Amino acid sequence: MDNVSKDYMIKLLEKGRRIDGRKFDEIRNIEISYDVSKHAEGSARVRVGDTEVLVGVKLEVGQPFPDKPNEGTIIVGAEMLPLSSPDFESGPPSIDSIELARVVDRAIRESKAIDLKKLCITEGEKVWMVLIDIYTINNQGNLQDAAALAALAALKQAKIPEYDGKKVDYSKRNNKLPIVSLPVECSVIKIKDNLLSDPNLDEEKIMDAKLTIGVTGDGEICAMQKGGKGILTIEDISKMLDISLKNSEKLRKLLK
Amino acid sequence: MYGKRIDGRDFDEIRKIEAKIGIVKSANGSAMFKIGDTIAIAAVRGPRDLYPKFMQNPKSGILRCNYNMMSFSVDERIRPGPSRRSREISLVTENALMPAVNLEEFPNAVVDVFVEIIQADAGTRCAGICAASLALADAGIPMRDMVCAVSVGKVGGKIVADINKYEEDYEDGSTDMPVAFLPRRNEISLLQLDGGIKKEEIIKALEMARKSCEKILEVQRKALMEKYQNG
Amino acid sequence: MGLVIKEKEFVIPGDVIAEGIDYLPAQGVFREGDKLIAEQIGIVHVDNRLIKLIPLTGTYSPKPGDAVIGQVVNISFNGWSVDIGFSNLALLSVRDGSSDFIERKSDLSRYYDFDDFIIAKISNVGKGNLIDLTMKGHGLMKLQGGMIIDVSPSKVPRIIGKQGSMITLLKELSGCKVTVGQNGKVWISGENSENVIEAIRVIEKESHQSGLTEKIEKLLGGK
């Protein structure tokens, strides 16, 4: 981010305005489209302003963890494609993409969004593995909230393929994946003393700190991640929670 | 059934094509290309500085392509990240586009082309090349011609254009031959083949590919006009 | 023989615009044998015997005499490296760094520091795209405060307007300082610069439509 614009943006914030004209607690326009890739058990594309993320869910038969012999498993991965930003490079997953995936994973796992017991095929031997892959298409800031929403949208739509004990028949998908709660993520950043929802890329580049908050349907917080190099006060966090609880309702409504 | 294919197409008929320009806003150029159920997107970034420096060419810019299939683009999930297959396709994609672009104006720089397959149903490398060519034109990279690509081949003894997934997996064996043309110059910049086929059949298939590429070019032209003439 | 594609028609790379030797290729057009062929997306423009394309897209290609906005990314003993949004960095030597004399061994960051934005003129484009800048000339300076936005370099002529008509309008109606670099970087400073940014986005999007001036006037609260 260039300094000229940084000074300008901070001056604007002091006047109570954001660079794209939004209110401080206002999120960008969101579009969700489903079924964007037919070989996936569930897939969704989410646009938050000009930020775009694609998520596909695949199901495979695998072994359960020894300590949870009757539960399916979840694996979340994220690829920050160099296609989506001049700042992303080819190669093994960057630390940012690992964080992106892990924070999406945390909200889904901790809110028990998927009824994993229903994904048991043979106790201790075979369970469904839910593989959630996130791909960034365009980065204009706040990939985190977009990815979490896209993951949830794809999960909600996902159907379980047929399995005869030997082979998975991906051409036949019947029952819906058992989704029992809807954890959405809402990020708020801090620039000087200003708290801004759903940061765009310019804002993200000059932020001091960020808090991503995962909220479940009943207003419960299921995940948090503080990001950025700066600090937050208890007062900040309290305000950020209020903002995110409010915005999370809007996101959940989009999922229907 | 005689005279028709499993999906009702004529032997020389390609699947339905759609193309759209400008799908990745932050890129210098981008496009989506859909043929049948195969969907490819491509984005161009650059010309930009090339690192490491020893890769730079002081006489011309270089073209660098990266082809990737999304993990969920097929039934059996693919592990994310590069594979031997995707590396080879990245290379042949680069070679297919190279003769079309002129990067002399950009010494020491690189033009990056990223191809992502969102949904795969045969012919992904060709769809990727068609999308990449559109993205390069959208980015304003000087080009001698567009690049159009299609997979032709032999299925059940018949020479066919634009092989679909079913034909590719045909149990009595099929021959798959991806071809890229610089359509106005009649130059071929991609040619691969696996299967078993006679010379005369290859020539017939190439002729079919050439005609198919003319159709692809018209779809590409329309997509570019849509973006630039109508705002 | 002659023109195959008419004036003002839309072309894509590889389209044959003319055949024979009556015409000469200019910007965006190349000759091969007896054919003149489009190298880019553009609109055909025939100027006497010259055929060129009015570009609709593309990156900035530096030309001597262009005023550009760039950012200082490195300082060495003999000058500054400046990012002008091109694949290669441009060089501003100590000698050309200011109209005033800069003493040898002085602290160059006192003139232009890291991350500073400057409006400079391209003095030379050498082989291998070695670009030299100069700060000697009217209006060339370090940019302080304000905001820089990126526009497509192909839209710069529309933002400047005929004989600078559009940019004059923008400045007069908004009261802001506005400077447009040929490299597609625009510097805006003053109260309500958001309105100017919005106006520039409208110009970018609707550059080919008529009634643009009226629309901009309305947007910026003019008559």
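By letter and in written order, the chains are A, B and C; residue numbering begins at 1 in each of them.
In the analysis below, a contact is a pair of C-beta atoms (placed from the backbone, for glycine too) under 8 Å apart; a residue touches a chain by one contact, two chains touch by 3 or more.
What you see is a predicted model, and the numbers here were worked out from it, not measured in a lab.
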Touch-network distance, chain A to chain B, counted in steps: 1
Of A-C and B-C, pair with higher C-beta contact tally: B-C
For chain B paired with chain C, centre-to-centre distance based on mean C-alpha positions, whole Å: 33
Chain centre separation (chain A, chain C; CA means) in Å: 39
Residues of chain B engaged with two or more neighbouring chains: 48
Complex interface listing, chain C residues touching chain B: 10, 12-16, 28, 30, 32, 37, 39-41, 55-59, 61, 86-89, 128-129, 154, 205-206, 208-209
Chain A residues within the chain B interface of the complex: 36-41, 43, 50, 52, 54, 56-58, 60, 77, 79, 81-86, 90, 92-93, 131, 133, 135, 137-140, 170-171
Sites on chain B touched by chain C in the complex: 28-29, 46-49, 58-59, 61, 100, 102, 105-110, 137-146, 182-185, 220-221, 224-225, 228-229, 231
Residues of chain A that touch chain C when the two form their complex: 2-5, 7-9, 12, 17, 19, 21
Touching residues on chain C, where the partner in the complex is chain A: 71, 115-117, 143-148, 187, 193-194
